[in-house]
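Chains: A, B, C and D, in written order; residue numbering restarts at 1 for each.
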Amino acid sequence: MIVVMKPEARSREISEVIARIESDGYRAHLSQGEQHTIIGLVGESPTPLREEHYSSMGGVQKVVRISAPYKLASRHFHPLDTRIPLNGSQMGDEKILVIAGPCSVESREQIIEMACMMKEAGATALRGGAFKPRTSPYSFQGHGEKGLQWLAEARERSGLPVVTEVMDTAQVEMVCQYADVLQIGARNMQNFSLLNRVGETQRAVLLKRGMSSTVEDLLMSAEYVLANGNKRVMLCERGIRTFEKATRNTFDVNAIPVLKALTHLPVIADPSHGTGYSEYVTPIARAAIAAGADGLIVEVHPSPEKAYSDGRQSLKPEQFKEMMEQVRRVADAVGRKA
Amino acid sequence: MIVVMKPEARSREISEVIARIESDGYRAHLSQGEQHTIIGLVGESPTPLREEHYSSMGGVQKVVRISAPYKLASRHFHPLDTRIPLNGSQMGDEKILVIAGPCSVESREQIIEMACMMKEAGATALRGGAFKPRTSPYSFQGHGEKGLQWLAEARERSGLPVVTEVMDTAQVEMVCQYADVLQIGARNMQNFSLLNRVGETQRAVLLKRGMSSTVEDLLMSAEYVLANGNKRVMLCERGIRTFEKATRNTFDVNAIPVLKALTHLPVIADPSHGTGYSEYVTPIARAAIAAGADGLIVEVHPSPEKAYSDGRQSLKPEQFKEMMEQVRRVADAVGRKA
Amino acid sequence: MIVVMKPEARSREISEVIARIESDGYRAHLSQGEQHTIIGLVGESPTPLREEHYSSMGGVQKVVRISAPYKLASRHFHPLDTRIPLNGSQMGDEKILVIAGPCSVESREQIIEMACMMKEAGATALRGGAFKPRTSPYSFQGHGEKGLQWLAEARERSGLPVVTEVMDTAQVEMVCQYADVLQIGARNMQNFSLLNRVGETQRAVLLKRGMSSTVEDLLMSAEYVLANGNKRVMLCERGIRTFEKATRNTFDVNAIPVLKALTHLPVIADPSHGTGYSEYVTPIARAAIAAGADGLIVEVHPSPEKAYSDGRQSLKPEQFKEMMEQVRRVADAVGRKA
Amino acid sequence: MIVVMKPEARSREISEVIARIESDGYRAHLSQGEQHTIIGLVGESPTPLREEHYSSMGGVQKVVRISAPYKLASRHFHPLDTRIPLNGSQMGDEKILVIAGPCSVESREQIIEMACMMKEAGATALRGGAFKPRTSPYSFQGHGEKGLQWLAEARERSGLPVVTEVMDTAQVEMVCQYADVLQIGARNMQNFSLLNRVGETQRAVLLKRGMSSTVEDLLMSAEYVLANGNKRVMLCERGIRTFEKATRNTFDVNAIPVLKALTHLPVIADPSHGTGYSEYVTPIARAAIAAGADGLIVEVHPSPEKAYSDGRQSLKPEQFKEMMEQVRRVADAVGRKA
């Protein structure tokens, strides 16, 4: 950390900063510029550094953090890619993970039928929401535990592991009984109580980026899960909120190579929420794989116009099949398998 | 709702849209333009309208919603301003509500001392966090129930009602035992489980706008609380996330008159989070009141450089006093009292 | 266009809207809903429709535009892809256009050497700025006409056509003497005087998207050039400004399939400005081609740390060569050639 | 400037950075931390510092700028508020400047009538566009020089100085013959050719913030004008582009106190573009003055529904009068006059 003093800072103020650094257990390293005095913090100490403590001291212009604020999620401390065991294979290896299925679990028949179709089309996991976060209290909120039971049945029939959302600490235990992967939705990315709770389980977690969260915020939320002892975290880029309204969200394809550089955790792309329109899902799925993503999560529905939610962005099963073929060719071109 | 068909839509597709409208219990009203056929939905029906159902049908270009998606929060259905009883007065009347105090409850002595100082300086409620949502798992997370007890003691001593954050459904019952107003933080604005849960209480709720939430999203989240039977909701503008980094957030002052037009609920402004720097808090507090806000929530700390959190944006008690004087003059100028 | 009246609109206000529609030469088509009266404008008229005229009339809640505001740029009116002749080939066909070179033309030797290297590595056009828009008046502003002459010499030696920026109407004639493609920079995307002026030439135009411009704004700016009689417009996605600061801009990969759907004009991607860091250029170049872009524009410099501008995002020549190989494989996978 | 090396930087890379610092004429000051080596640049040199040169060197993690990149615009180098003589008074003193008038000059009669009405209602300058930047090539583009002549006539009749937009270097000389203040529109804020050209005049300049420009970008554009020798620059906050669509732009009220802290130049607020809706103009005008703005620029039209442009955000003359009364009370409350 570096503390930059204002040009008009008094020497008393500089001394106070130095005294604080020392009382926090670090050494202070002074550079006197023409305009600014700059004070570096050197050494190690059990006292965690709080930028704010220094930034609100008298005479301080700004505080510059040097090291990343996350540790367990950082590639610096853990250079090798994390692999997550899932259904006998290793998520994060050469093979692309493709999670597909309807936005909501709508009925027992629907989810079982979809699971088998997805499996046949080449998906490697099944998605489906039993608890649905909806903007409106008047929209369909999911079938709850019944939906989870149907998902488990669909897994048995299709052999596909199940990815499903958990919205509240009180649901975690129940969802763990049925799901292979716990999904944390974008709106809950900074629900820290929930992050702590899923961190206490050993179930794999799919952590979706919040729509106004930076890449660093996402890694800090991953850090919550990791710090609680659960190392099985996959990150998911699903589009951020910008001024552009031609698509539902702006899929931040840059985040894929940025995350691959900063962290060892696998990165999944969600072209369905990332665009909001079924006609753009396939090109963005191709782009995500070309950019280096380790997997995809895609919404598929047999009759999108009848879907309980997100119909506009759902592929039909035959469109999903076509997407898989195109994705396979791009995966080959970048040395992966799909 | 209006369904706009693509120029190339076939008549079969138009008929399917009409059939669906009728099966949903509405009447279809057709306008044939030069390029586009436009179909209006007329009448009332118990079936709630789902834009997506129509937008994913064949031949449909777009669906335009006409009515607001919220009802209980809408000024159209409830023209008179909502007043919320708080400590013997009516929040939302001529008098500005001023909630002040430290970001975190740090100790029993601190919060009691601050409560008395805030009261004396003209605050009408006390803030202080016992459960703290922090970006980093390594930051101070709050004193929990002990903090709530200290807050209750501070209320007794100062006479100020207590506003404090609740982060998880599992905490609601406990927080209700101590708090006068339940604060829902920006990161939990779309934690729908939590919204449902606080909606089941009769405690006043201070709902902070999410940093990437539109005004409409905020009203939809308020609708969750209202729809559960709790009518005591105050909305809080606390800055949104934009590309500008000269301030911590971009305080959306426009949201104040926009909310006053769209809803009957009181609107509070948070110039501390809205700017992130103590030197900008007072001018933005003045601006918020000038724009028509019904209240302010402000962070104050006796020694900001020692604060456990948010020190950089905390006023010192004497600065808060000065802010109150300036706010009072602006309140007078717009026909309010502070 | 559709005019939605407020629930409380009076019948006099409705009559005034209808009268205006008729005096503008259109027919009014009325739908009476439970809450809202909706008035459609039907027919054709020489009077262009101005949303604002209606939106500021009494009793009007909102005005919804149905047709796109651009015509010449629209795929609806011009379904076939535009091809732009460039150096004997047809930009916009199966073959990917790859424009490469330094950000600024720094010296005669530099640009000639770079041109030959780019040609050898597989580039199909040469970029280099002689007029440089710089945020600071104290930064290098380009070599001006001398730079253009060097570019022309580099074209002669390498056989690569030249793409270079024009910043002001007064420069257009001069730049046309040397350049094959006139680049309009992001900061000038809505410099309408300049758009009109380049529209009067027959030189190909590379129009970069402004950093806060929507896809529709970009198409409206293209419409300026097209409406002046110049049909040779290529659009360029180069990243938009968002809250994310891990990269210089957020490359909006969604814009590629969206533009391919809305317009017949070719779409180029700029992964250099789109990311701002050389290490992310290659993955984003791959992603852009996978998403359907017709070309790339990439900054390359022999010693990025000595570049007069944009060194941080410049590839070294050997990195560009490697990028070309990877891009070629992805192009193959999506049925293109690079 | 501070250069932060990567943890894995080699000592050769550190030496190269130091060598470069010295060859640029500065002294290098080294701090060895546990993870990072940090190198400060100390001293003065005629070589301007280029962050990019260092950031693209081997082993460098990031470069942190300490001083602001603008000098002439900085309050640090010019602590006293700039006053700009305008029509016998001093813009920037206690008295609020209120620029009012129609978006476009529509006819001789209109602008003369409006000028007299604005004067009577308390405006201190007249606005009106003769050259209009319009998103669509098919919209009204202004009356050009004829419009300027009418503006000059309106000035003569009303005594109000004239503020009008200049869009291109080729128009500057002509506009200077008629206008008291040259307005640079938001879309031209980074049209550096135009900034240079108006910098060569001695006419006052009203520089509007671009819709995706940071406060620092705005100050850098002001620096262009100042560096050319024209010291009469006023800055204008007119709203930025964000995800929120309830208003046309998001008025960044924070920018007012931020700019007052960073620069000595006067700050004007544009609540018309800042909101886009006439009903929100007055509350935001009040808020801007409460936040410390030195002036307002407001669109007024006798019949907004007939305005050639921007009718939706135009006040009627009687609404403007009412706005002036409210603004006057707020100005009093913050120690200003309107």
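Convention: a residue touches a chain if its C-beta (ideal position, glycine included) is under 8 Å from a C-beta of that chain, and two chains touch if they have at least 3 such contacts.
These numbers were taken from a predicted model, which means no experiment stands behind them.
Put simply, the chain farthest from chain B by mean CA position is C.
A count of contacting C-beta pairs for A-D and for C-D identifies C-D as the more extensively joined pair.
Averaging C-alpha coordinates per chain places the centre of chain A 31 Å away from that of chain C.
Remark: chain C and chain D have CA centroids separated by 26 Å (rounded to whole angstrom). Our note on geometry: chain A versus chain D, Cα centroid distance of 39 Å, whole angstroms.
For chain B, residues that reach two or more other chains under the stated contact definition are 212, 240-243, 245. Of all residues in chain D, those touching chain C in their complex are 48, 50, 52-58, 69-70, 133-139, 141, 167-171, 187-188, 190-194, 196, 210-212, 217, 220, 223-224, 227-228, 240-241, 278, 304-307, 309-312, 314. Partner chain C is touched in their complex by these residues of chain A: 212, 214-216, 240, 242-247, 250-258, 261, 274-275, 279-280, 283-284, 286-292, 326, 329-330, 332-334. On the side of chain B, the complex with chain C involves touching residues 2, 4, 7, 29, 31-36, 38, 40-44, 61, 64, 66-67, 76, 241-243, 245.
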